[in-house]
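Report on the following structure.
Just so it is clear, A, B, C and D label the chains in written order, and each chain counts residues from 1 on its own.
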Amino acid sequence: MSRPVTVLLFAAAREACGTGRIEIPHREGLTAAAVWEGLVREKPALEAFSRTVSIARNHRFVPRDAAVEPGDELAFLPPVSGG
Amino acid sequence: MSRPVTVLLFAAAREACGTGRIEIPHREGLTAAAVWEGLVREKPALEAFSRTVSIARNHRFVPRDAAVEPGDELAFLPPVSGG
Amino acid sequence: MDDFRITTDRLEEAAIIAGAAGVRDGAVVAFSGVVRGRNLGRRVLHLEYEAYEAMAVPVFERIAEAARSRFGVATVRIHHRIGRVEVGEASVVVVVASGHRGAAFDAARRVMDEVKRIAPVWKREYFEGGDVWVEGPKEPVTE
Amino acid sequence: MDDFRITTDRLEEAAIIAGAAGVRDGAVVAFSGVVRGRNLGRRVLHLEYEAYEAMAVPVFERIAEAARSRFGVATVRIHHRIGRVEVGEASVVVVVASGHRGAAFDAARRVMDEVKRIAPVWKREYFEGGDVWVEGPKEPVTE
């Protein structure tokens, strides 16, 4: 059995989701976009972030169609506002 | 009798002159250029600065033909190198 | 020596500047981002910063490396504070040391622009009458 | 509050930065000019700075005022050290505080360019094997 995918959410997206960390099972052909769509189905409040969220896979920004591997850390980042 | 003019020299120009401060009598129609020419006649080593020296009258940069008034502080500044 | 940090401690510019300049460096530029007491016409009470810490430090490293190769600067340090930050306190300090000042200014500015564009850090503003997550550029980052 | 100084004391960036940012300022840029240990291929032992003190402070004030009206920055501080300055020590520190970072960077850079162009300060470099007055731009200043 392959290792799960760790999903992280931050700031306003974390609040909209109600949690900042979820483990989901990996499946063949999984993409970042598919993970996000699954989250939105569970928590419709996340839909507000769909157009603006950035995605990081193992601490690097990736496009939405990026493949997700077993054991990956996949983070959904609302528009950053550091500084 | 009118007040004298205080002439200041700095850095390499001060060393070439052998002193950093001279008082000279004021005369009608005196200009900064005329003061400098008088200094060069006294201390020919100053000639090396003639093309590059900047002139300040009472703490403000002035052109060479600036008039000099009694009591003025007239400074001859070799190329600055602060910072 | 470079140095990248996410910290809940107060940022001390002097400590972050100290030792940044090597024997060939004649210029040190330090930028401090300070919490303003007024924003959008509101009186700000304090800010609360959150970071994706495991990613923020590698992002700082990549920002620094890009600035180093583009501007030829010697040293880049980025310290970002998280947690509660009071008005007048620094939330971020960037220090760049270089042989000459042009590159140091260019690099410090670029580093700070990049920190704001891509560092995984968020702030919540507490003002008189409410609080709100501040959102930066709305375009998703893909690089 | 602006602050302009010629001093034989060691320059402490933290002290010069402290209090520069007012309640509306979100950006502080501090530039330090540091004595390099190598210059023109020579090993530098130390520098010796001389200033026309009575003129230098008014020149700093005029440089700051020009930067304030051009870039709209709030605070400008310029401290220049004179006397003997060791390798690795700061000879000049410029601090600018402003609402936003673009103006602070632009103004700090401009102030530093102007200090080097027109401030009545000179340095003598003591290197292995001799010493020499360093000369800046050869064009006389008339403004």
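We adopt the following convention: contacts are C-beta pairs under 8 Å (C-beta built on N, C-alpha and C of every residue); 3 or more make two chains touch, one makes a residue touch a chain.
Just so it is clear, the structure is predicted and the values come from calculations on it, not from any experiment.
> For everything except chain D, show me which chains still form connected clusters by touching.
A, C | B
> Which integer distance in Å separates the CA centroid of chain C from that of chain D?
24
> For chain A versus chain D, what separation do you get between their C-alpha means, in angstrom?
48
> Quick check on chain C: which residues sit in contact with 2+ other chains?
33, 112
> Residue numbers in chain A touching 2 or more other chains?
Chain A, residues with two or more chain partners: not present.
> State which pairs of chains touch, listing all of them.
Every pair of chains meeting the touch criterion: A-C, B-D, C-D.
> Within their complex, state which residues of chain A touch chain C.
Residues 8, 10-12, 51-56, 59-64, 73, 75, 77-83 of chain A touch chain C in their complex.
> Considering only the defined contacts, which chain D positions touch chain B in the complex?
Going by the criterion above, the answer is residues 33, 49-52, 54-55, 58-59, 80, 91-92, 112, 115-124, 133-143.
> Using the touch rule from the top, collect the residues of chain D that touch chain C in their complex.
My answer: residues 12-14, 17, 21, 23-38, 87-88, 90, 97, 99, 101, 104-105, 108-109, 112.
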